[in-house]
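Here chain A shows up in two complexes: once beside chain B, once beside chain C.
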Partner chain A sequence: MNEIRDVTALKDTKKVKISAQNVQVYYGDNHAIRDVNVDIDDKTVTAFIGPSGCGKSTFLRCLNRMNDTIDICRVTGTILMDGRDIYAPDVDPVLLRARVGMVFQKPNPFPKSIFDNVAYGPRIHGLAANKAELEHIVEKSLKRAALWDEVKDRLSASGTGLSGGQQQRLCIARAIATSPEVLLMDEPASALDPIATAQIEELIDELRSKFSVVIVTHSMQQAARVSQKTAFFHLGSLVEYGETGQIFTNPQDPRTESYITGRIG
Partner chain B sequence: MIAIVFITVLVLASVAFLMGRRRAIVLAAGQPAKLHSRPNYHGMYCFLMVLLVGWGLLLVVGVGAEIAIDRMLETQVSVARPEASSVERQLIISDARALATGALASADDSLRQSVSERFARFVMWRNWAISLLVLGGALVAAALCLRRISVSFRARNRAESMLRKMLAAMALIAVLTTVGIVLSLVFETFGFFRDIGWRVDKFLFGLNWSPLSGVMDGQLDPDRVGAVPLFAGTFLITLIAMFVAVPVGLFAAIYLSDFASSRARAIVKPMLELLAGIPTVVYGFFAALTVAPALRNTGETLGLTVASESALVAGVVMGIMIIPFISSLSDDVINAVPQALRDGSYGLGATRAETIRQVVLPAALPGIVSAVLLGMSRAIGETMIVVMAAGQGPNLTANPLAAVTTVTVQIVSLITGDTEASTAAGPAFALGFTLFCITLLMNVFAQKIVHRFREAYD
Partner chain C sequence: MPTEPSLTPPQGFFETDAAMARLRRRKRAEWRLKAYGIAAIALAALALLALLGSVVGKATGALTESYITLPVVLDAQKLDPSGERDPKTLLRADFAGLTKKTLKAYFPYVKGRKDKRALYDLVSGGASFELARKVAQNPELLGKTIDFRFLASDTTDLYLKGAFGSLQPEETRGLLTADVKGKTVVLHSSANDFLPALEQVKQGLLKKARLLRRQAERQDNGVREYERRAAVDANEEDRAGNAAQIATRSKARDTLLAQARDLEERAVAPDGAEELDDKTPSLLIKAANGWIKLVKVESNRAEGIVLAPLTGRLENSGAWQLLITELPESARKVSDRQIVWIEQLRDQGAIHSVFNSRFFTASDSREPELAGIWGAAVGSFWTMLVTFALAFPVGVFGAIYLEEFAPKNRFTRFVEVNINNLAAVPSIVFGLLGLALFLGVFGVPRSAPLAGGIVLALMTLPTIIIAARAAICAVPPSIREAALGVGASRLQTSFHHVLPLAMPGILTGTIIGMAQALGETAPLIMIGMVAFIVDVPHGITDSATVLPVQVFRWSDFPERAFEARTAAAILVLLGFLVLMNGVAIILRKRFERRW
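The block that comes next holds the complex of A and B.
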């Protein structure tokens, strides 16, 4: 299966979706990310791996400017999306985040009904002209997040009443309801049991047909299972970036090899 | 004297603690792990036992002696002056006591002299009895405790169970006080209703409030105890206060929790909380001396007649007083909304305003509702501002520019007025009891709302 995936990945990698050049991130005086250069392909799952505190989540949050909500955080360098600098002064981070969806480590459904959770993004961005259209978007998003069959009879029940795995799929449905071009996932399965994890991974693989997916994960098996490209971060630097198969079987950097074989991290 | 005994018991208990601990260590003979309880628990057991026995005896003997002395003095006086009224007898006894303690320099009356001498003698006996009994009891307790200490003695369990009982006793004091207050309210209110011939309807729905006018023989007129104007005034002022306090307090809380920089927050939050530290009496004369004239002048230029004491002035100033309650409590609950929810909303491309309105406020709603209701209970029970700024006349009106009176103002004027306390207390207690019932109902209601929303949101 991996081989087939690699072939499709090669076919799709022609287009670069996000290009980061010389990115530095500072938290106050702390230099959290150093000189990161990475090209993220469209219609591909890219995994960021590395030990805790290596900066992979911080870098992920640069891609939709979530770091703007933290006062002491400062980002320099260039991040281009479709060739346009997302940190340019004329870019509104609010509109950017509608194009770059995000799923968090802990499922964080709003204390609203399942329907309202998914309809939240389309409503604030005015994506639906009328109620029928909104219902259509909600149904499509829930179906794409593989949650529709489980919740179609109780769309007005509270989103917080679902199980952990269902909540996370609800959050994915919520993120894809605004039709983003990129989906960022910050350890989306780390709070879930193995069965729910398998469902999420399967879902990520399907989402690749529509979006560019970037996933941060602690689990190397997960990175190997779901991604086509893998980036290894260590102490705030991007150590190695390449095809997933190559990173895991034939790493070029000794630090990558040590991490993959369990000697650092 | 009693203070010295009290402190001596404490010292004895401390000595017992040290001795108990020492004895436990000695008994362990260099192997402290052999002891069932740590030496400190053995000490604690001795300490608590000595304290309980000592202070307990002090209380029992002290109260008993006081009663006995009273009885004997009363017998003496009533034998000497059988014709005197009971008030006069009490007067003689209290004079004699004052004489004995030196508060009264001299008395020419031979009865007072002899009672006083007898009282002084009794007090001396009593002091001796207390000292001997209490200190003796404490010593015996200490000796018994020390004897009980052994390697297998379960001092920890005993000391902890004693401590638990002491904590329960303290909690019981708080509960009993509440029950006592409520019972006294209930009985006095019943007395009042009996006095007006059980015309409770006249009290609850009557429109005419002047309970003490024309009361000469202590008989209240049911037609003059209608409390509606007072409650109407209270609610009018509370409503105005909430109109001021809720928007200001809530928006201030939203600004503080989600918009203010940490520097602005560090300045604004303490300033807001400073408002809560201003004594209400200061708010009261601020309302009466600063706000009221300003409002009257403004009203005159606009062609409105504003009473010098008005519901508006009292309500606005009371609203200012309540702002910090609402802002501080709302700020806490808004801050308690998880950052993950805000991140989720920002991550979908929502602005701060959208995030607050659609995610943060709904999640914080139960807390905000209870903050508002708490502020309302305070407004209803607030006294000082309305006494100075709202007026005295029971005036049934919905005009905020007119003078109204409130329940609390009328209670103050009943109690501080020059009518005999036994007559004035009835209406005051009835008003207080009704006010208590209203605040209680509001609190229950608030709890219900909070509970319902909490179920929906967790």
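The block that comes next holds the complex of A and C.
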């Protein structure tokens, strides 16, 4: 008995953070996601790859219930986070989103000051008891997003005045300011130049120590560089899911192989 | 088998004559379009200039007001018999009588009820109240003789501004001899000085004769028409009727023709005397500090009546003036006598013209010289306040609900379509609604800014909702996603992010809607805001009128002096509208954001 318990304890260091079972997504009559079953590990970068329109972004948005804002969208199946169904009636999507942060494809800072951008989440959730605490959270988040040194002298400047890469890091800082457990990133570097992309990728690797990161990307190189696990989506189905190295070097499914070698997509 | 057409044009295709012709045609079409555009803009600018020019030109008359300064004897015994110097009693004293007495004292030669009344009409009915107020505020003036500025009446003011034409001096060369017999006077000039005036009068006679001949022609046409009918009518009764018509019409024609002939004969007679009446231009002679009005002229002799007595005898004198008013006395509100009095006052330096500040500080009045727009401006302010307080929150919250919260179903689409339709409903319909519902059912006070404001709010609401929805819609969805992504609720997203970003657009739409409401007349007429309100309203339940309604009312008044005031009020209204639109533009430029 003891031995078995030990094994469980060992496995817990790589425990499953989000477990999706039999997830279906419909946009009106359109069946966008079919039978997706995936376990996302904690403190791991998981990459979703696949051709355009394969449903990887849609599935990502199921994980923090962003799809709820679309009237015609309907999700069935079970998505468990730490063993609790996030689609259960008693779960408030607003609170869920504070625990599951999201970074979007296009940098979208609020047209407010840099400080207010980062402080917004903690403010509305009441995470800071006073101004000093709030300042501490902002500084910590900006530091973790590797932006602090660039903006510490102009925190009251507008967030929209930053460069594209800086804006995206500001958005990451904003997302991690509420101390989420999971960070969802929807093609975070697709609107950026290679240097800014490299900075973001470096950042993602560092964020892995604190959060479970799920990233949707079009760039297979990026997936290979930053992720430990990769899921390949095609036509709304999860085709293959496994260790990144294995997916890229030894794909099990012919469709995965075709995509990786550039024959479809 | 047909060959497949080639997709590449042949070598040199774009250099052929046909291609060149196509190019020229295209360029001509572009040039034509540009010319049409420029012509359209030029036309619009011209129309605007014409409108502004006409309004400004008319409004200048309201910019100044005239005063007549006369010495007033403030008899302490009469005005304040008790000697208490109480302002309230002083205000009630007979200052109207004092004003009349002052005028009579200044023009001692004016006799007779009719003439006296004409004399009193030189000053405004409101002048005695001003005198009373001045004395009540400064009781120490009692017992003294002061120079008081009496506000001139509207006719005096109009005459001074040249609204009835001006006195044109005729050139005179001869020496004048006057033979005064009581009221009448016979004048002799050594040269034929009355001839040009006589010619002018004769020209007038010819003109009148032509008019009579035209009228006679019309009667003649009628006669011929009845003769034609008489020829075809079988019925005895009809024939009798026709004969009667022919008889009356021929008689009228003959009378008119006879009159015309008579006038023409008088006009061509070489030096026949000509009678002057109130239908002919007035001829006035100014000599020896007196004024004479001519009633009969020949080339070198004239008969007249004395309007203002001469101070000395006139014997072969060169110091005289012949003045003509083009407009006959019957066609103007100011009589020849009044002109003489005004001219005498002017010669003695008693008449002053100052900037008409009263127009901007006074309320409405039936007397044009006392009327101002302040009451209407304040009424507009209260009305706009009510309109804004109702339409802005309701409009903004309606727009937020429809854009951010409402499910997109058939019902909300129906609501949206009907809000858009509401913007096209004629404003008077809202007035009817206000009359039936707010005044009739809810008992909102009639003529009050509250009622007007509610009605205008209803009218403005669709404009604000449409503008607000457009502004909210223009906020990029990425901002909403960002807010939702960090865990903001829909309410927080709307109020923390969407609304502040949409606010410049919402405010612009609101101001434009408010400007529209500010210029609205029709619905307010329905709820009784056309009433004649002399007091400045002190709240939203006082009776009031608004600027455009004031313009509408004044434009309807018969007094000619209101014409200038109407134009001036329009300018004030336009000023407010330009101001509001300017604020809208500044807001838009100031808070324009890029993201």
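Operating definition for what follows: the second predicted complex is superposed on the first by the 252 of 265 C-alpha atoms of A that agree within 3 Å, B and C clash if a C-alpha of one lies under 4 Å from a C-alpha of the other, contacts with A are read in each partner's own complex, and residues count from 1 in each chain.
Keep in mind that, in the parts below, contacts are C-beta pairs under 8 Å (C-beta built on N, C-alpha and C of every residue); 3 or more make two chains touch, one makes a residue touch a chain.
These numbers were taken from a predicted model, which means no experiment stands behind them.
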| item | value |
| --- | --- |
| Combined model on chain A where chain B meets chain C, clash or fit | clash |
| Touching partner for A:102 - first (chain B), second (chain C), both, neither | both |
| Which of chain B and chain C A:160 touches, first, second, both or neither | both |
| Partner chain in contact with A:69 - chain B first, chain C second, else both or neither | both |
| Touching partner for A:120 - first (chain B), second (chain C), both, neither | both |
| Colliding region between chain B and chain C, picked from 132-140, 294-302 or 456-464 after the shared-chain fit | 456-464 |
| Doubly contacted chain A residues - partners chain C and chain B | 64, 66, 69, 71, 94-98, 101-102, 104, 106, 108-111, 120-121, 124-125, 160, 171, 174-175, 178 |
| Of all residues in chain A, those that touch chain B in their complex | 64, 66, 69, 71, 94-99, 101-102, 104, 106, 108-112, 120-121, 124-125, 158, 160, 171, 174-175, 178 |
| Of chain C, residues touching chain A in the complex | 407-408, 476, 478-489, 492, 496-497, 501, 593-595 |
| Footprint of chain A on chain B - complex, ascending | 261-262, 338, 340-351, 354, 358-359, 362-363, 456-458 |
| In the complex with chain C, residue positions of chain A that touch it | 64, 66, 69, 71, 94-98, 101-104, 106, 108-111, 120-121, 124-125, 160, 171, 174-175, 177-178 |
